[in-house]
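Here come two complexes built around subunit A, the first alongside subunit B, the second alongside subunit C.
Then we have the complex of A and B:
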């Protein structure tokens, strides 16, 4: 789910930026540091929409760095238990499939795929109904329901955007949110099949 | 230095989005006055924080709050567009969901977990149980019942496609690797002969500079994999580490059609220095293993087809204590059509054929281990062997590996000479039994005859394995050994 919220952050700035463009420097650094990061509390910061307030700078003794408290508005994305999401299938194996909804990775196990869908191996592994009318494979779009979430609780902190997450199931996405989902319910399942386009 | 300002700063790209969002919010008339905004924000944060578990205790309070907010929304006149909660329904959905799912959750047996969450009910699991299957996907753990279930369903699926499982070792079975550091000066020519990494499907000698390694694929390996993939679902199982295993899988199977994610490395095993079928999602009765190291599979010897080691590089020969010239130094290679992989492919085809077409019993009750034993027992069928000068003095003959090997290959072994004996296996042509063989026109062969037959799965022409005449200086030593 998306939220538009106000967050606050202390920005440390090198003295070389003090001058006419100070404000732009703070903002561009803020965007660089914050956009695309994730915290367990608020979810992923999708975009900063505006900066509300930049507070009084505090000069750090010894280093000359200055800390500015910055209040900014941003759009965040956080998955919840029970939420319905649309996601793109990224990997299919006999255990189930992985799907991605933006930065969120979701695993749907074969327990939570309708019983009439069966796994087919091959170079394009997929789950197919017995009559072949519905097929889930890589790049299919599915609507699913989240039944469990997991965050590696790393609050946005210094330079977190550069560090790699500790836990990354498929090893492809720098995500910190991981969910278990199901498509075994009414109105869930494939919403578009890449082979039929 | 103060930078305090009241107006929102216009930052380049996100500005449009903000305007858009604000406009959207206005039209929904879902705003709030400055005082109430504080309260609203309060709620935002709580709602984001809270987990479904606490939900029930907070039920009343929340409902009250939602009601109150609804009245606010109606009454409030939009004063200033500000950041607002887009999804204030979240509390309600979470609650509804909680009630609905709690019934299911109670009796979930937690068959397996991914990243610490049960993948059937989504619940966080306190303790980690089951076997890790990180080669399928990282963080995956499966309980024993689930493994059995998966094996059963997979087995049915596989048998329907007339396939069995085949576990392949990498080093010395499918390929040979060496560190660039260990290349001898005579092998330097290889560096200029390495094939391009752009199209690995054609080449067989690769230089992996980023790993400081050079890898030579065994001759015939491409054909082998192609034909075996039609009869088997194949796994790679190596004692190498994971990055190495994946890199080798890329060389053998660039389009990922043979192995896909079925690459098991030592990081995935459950026991040190041992390979086990417990991390393979296949039933033991349908698994064949190709490996050059028998000791790695102590629990699954019946599934194992032992391979002759492929030593291409000099360092590999040294590692196993051979002091001969390596294939690379001799600038030669194993034969493409009569090498180990070609002969083992024939065996695999034969086993596959027997398993699916010649056995009479129910498909699910068949055991590939029995078939393997049967095929192996045909190799030296009808031979009766007597050993001479092969076992050390006082060594119990029937526990020697050659004796056992010969018996597995279908030969009968004996200690005494009699007219029914067909072969005398000897290391010395001058022993009593060797002379007897010469006199009675029986085959007199070197022990390598048995070993070669074991690797190539075929009775070898006896004349290719003549017994060496012992040199005079060795005679003294020979006399000390009892002729068996």
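Then we have the complex of A and C:
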């Protein structure tokens, strides 16, 4: 689920930025540092919407750097166990399928796919009912329930970093959510089959 | 944090911080992100290069699932969330519950309870009739899209 929340962060700034544009510098640094990051507590920070307050700076002894406490509003995406949401299937294999709901990846194991759906290999691997009426394949839209969340450490991040914009500093993604989902329950499953459109 | 283990959205256990926070429906997120993207377009030639992967994926997701395929219809869409909130807030639901209903648009009482089990369990005496009425109100707005 997406939320609009207020977060706080201490921004450390080099003295060369002190001047007329101090506020702009703090805000642009905040956006670079925070947007796109993820924490186990607040989930993914999608976008900063406004800066509520920039507190009085505190000079760090011996360095000349100044720390400013900054309060800002942002849109976050935080998945919860038990939450039901819609997602797009990104990969299908015999173990199950992966789906994406915004920034989060959700794996649905074949044990959590209804028993009447069988795996079909081929160019377009899919799960299909015996009468062929329902099919799950790449790009299908499914409604699923999250039954477990996990916050991954940095290792997985290295794979993701290749497609990340250049300015995005390494290590600003200290963690990443990963979810396990099910479609084996009432009112869950495919909501739209890409082949029928 | 002790709340971590007990977390369960079906029982509305999402932690105090998020219970009090403003919850956003997909269509609202679409407006916010689209607005931000437009701002970036004015200052940069290649705005997609300026945003994080998280932003890009979220924008794609909410566009796909807020049921507005036409990005130019923002003005029309803007009316939608506010009227939705007005109607749903009559039923004294938690923001999280409102947003799940707003996002998934269940059609039957049974489906609504399956999507948001907490509307039954939290002892607010939501009988089937009240839920049915709520879904009716919801579908009325959808027609105006």
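In this section, the second predicted complex is superposed on the first by the 173 of 197 C-alpha atoms of A that agree within 3 Å, B and C clash if a C-alpha of one lies under 4 Å from a C-alpha of the other, contacts with A are read in each partner's own complex, and residues count from 1 in each chain.
In this section, contacts are C-beta pairs under 8 Å (C-beta built on N, C-alpha and C of every residue); 3 or more make two chains touch, one makes a residue touch a chain.
A quick note: this is a predicted structure, and the numbers were derived from the prediction, not measured.
S.K.: Let me test your reading of the model: by the given contact rule, A:51 touches which partner, first (subunit B), second (subunit C), both or neither?
M.R.: first
S.K.: Please indicate which partner A:61 is in contact with in the superposed arrangement: first for subunit B, second for subunit C, both, or neither.
M.R.: neither
S.K.: With both complexes superposed on chain A, which partner does A:125 reach: first (subunit B), second (subunit C), both or neither?
M.R.: A:125 contacts subunit B only, not subunit C.
S.K.: Looking at subunit A, which partner touches more of its residues: subunit C or subunit B?
M.R.: Tallying touched residues of subunit A, the top partner is B.
S.K.: Between subunit B (first) and subunit C (second), which, if any, makes contact with A:180: first, second, both or neither?
M.R.: Once the two structures are laid over each other on A, A:180 reaches subunit B alone.
S.K.: So in the superposed three-chain picture, is A:2 touching just subunit B, just subunit C, both, or none of them (first/second/both/neither)?
M.R.: Both partners.
S.K.: So in the superposed three-chain picture, is A:88 touching just subunit B, just subunit C, both, or none of them (first/second/both/neither)?
M.R.: Only subunit C; A:88 stays clear of subunit B.
S.K.: Looking at the overlay, what does A:80 touch: subunit B (first), subunit C (second), both, or neither?
M.R.: So A:80 meets both subunit B and subunit C here.
S.K.: Going by the contact rule set out at the top, does A:102 touch subunit B (first), subunit C (second), both, or neither?
M.R.: After superposing on A, A:102 lies in contact with subunit C but is clear of subunit B.
S.K.: Quick check on my understanding: which residues of subunit A belong to both its subunit B contact set and its subunit C contact set?
M.R.: 1-5, 41, 47, 49, 75, 78, 80-83, 146, 168
S.K.: Please name which positions on subunit B make contact with subunit A in the complex.
M.R.: By the definition above, subunit B touches subunit A via 1-6, 8-11, 13-15, 17-18, 21, 25, 41, 44-45, 48-49, 52, 83-87, 90, 93-94, 96-98, 101, 111-112, 114-124, 136-140, 150, 154, 157, 233, 255-257, 260-261, 281.
S.K.: Using the touch definition up top, name the residues of subunit C that touch subunit A in the complex.
M.R.: 1, 7-11, 13-14, 17-18, 21-26, 28-29, 32-33, 36, 49-55, 57-58, 61-62, 64-65, 96, 99-100, 103-104, 106, 110-111, 114-115
S.K.: Report the residues of subunit A in contact with subunit C in the complex, numbered from low to high.
M.R.: 1-5, 35-38, 41, 44-47, 49, 75, 77-78, 80-86, 88, 100-103, 141, 143, 146, 149, 160, 163-165, 168, 185-187
S.K.: Which stretch or stretches of subunit A touch subunit B in the complex?
M.R.: Result: residues 1-6, 18, 22-23, 26-27, 31, 41-43, 47-57, 66, 68, 73, 75, 78, 80-83, 91, 93-96, 98, 107, 109, 111-112, 119, 121, 123, 125, 146-148, 150, 167-171, 178, 180, 182 of subunit A touch subunit B.
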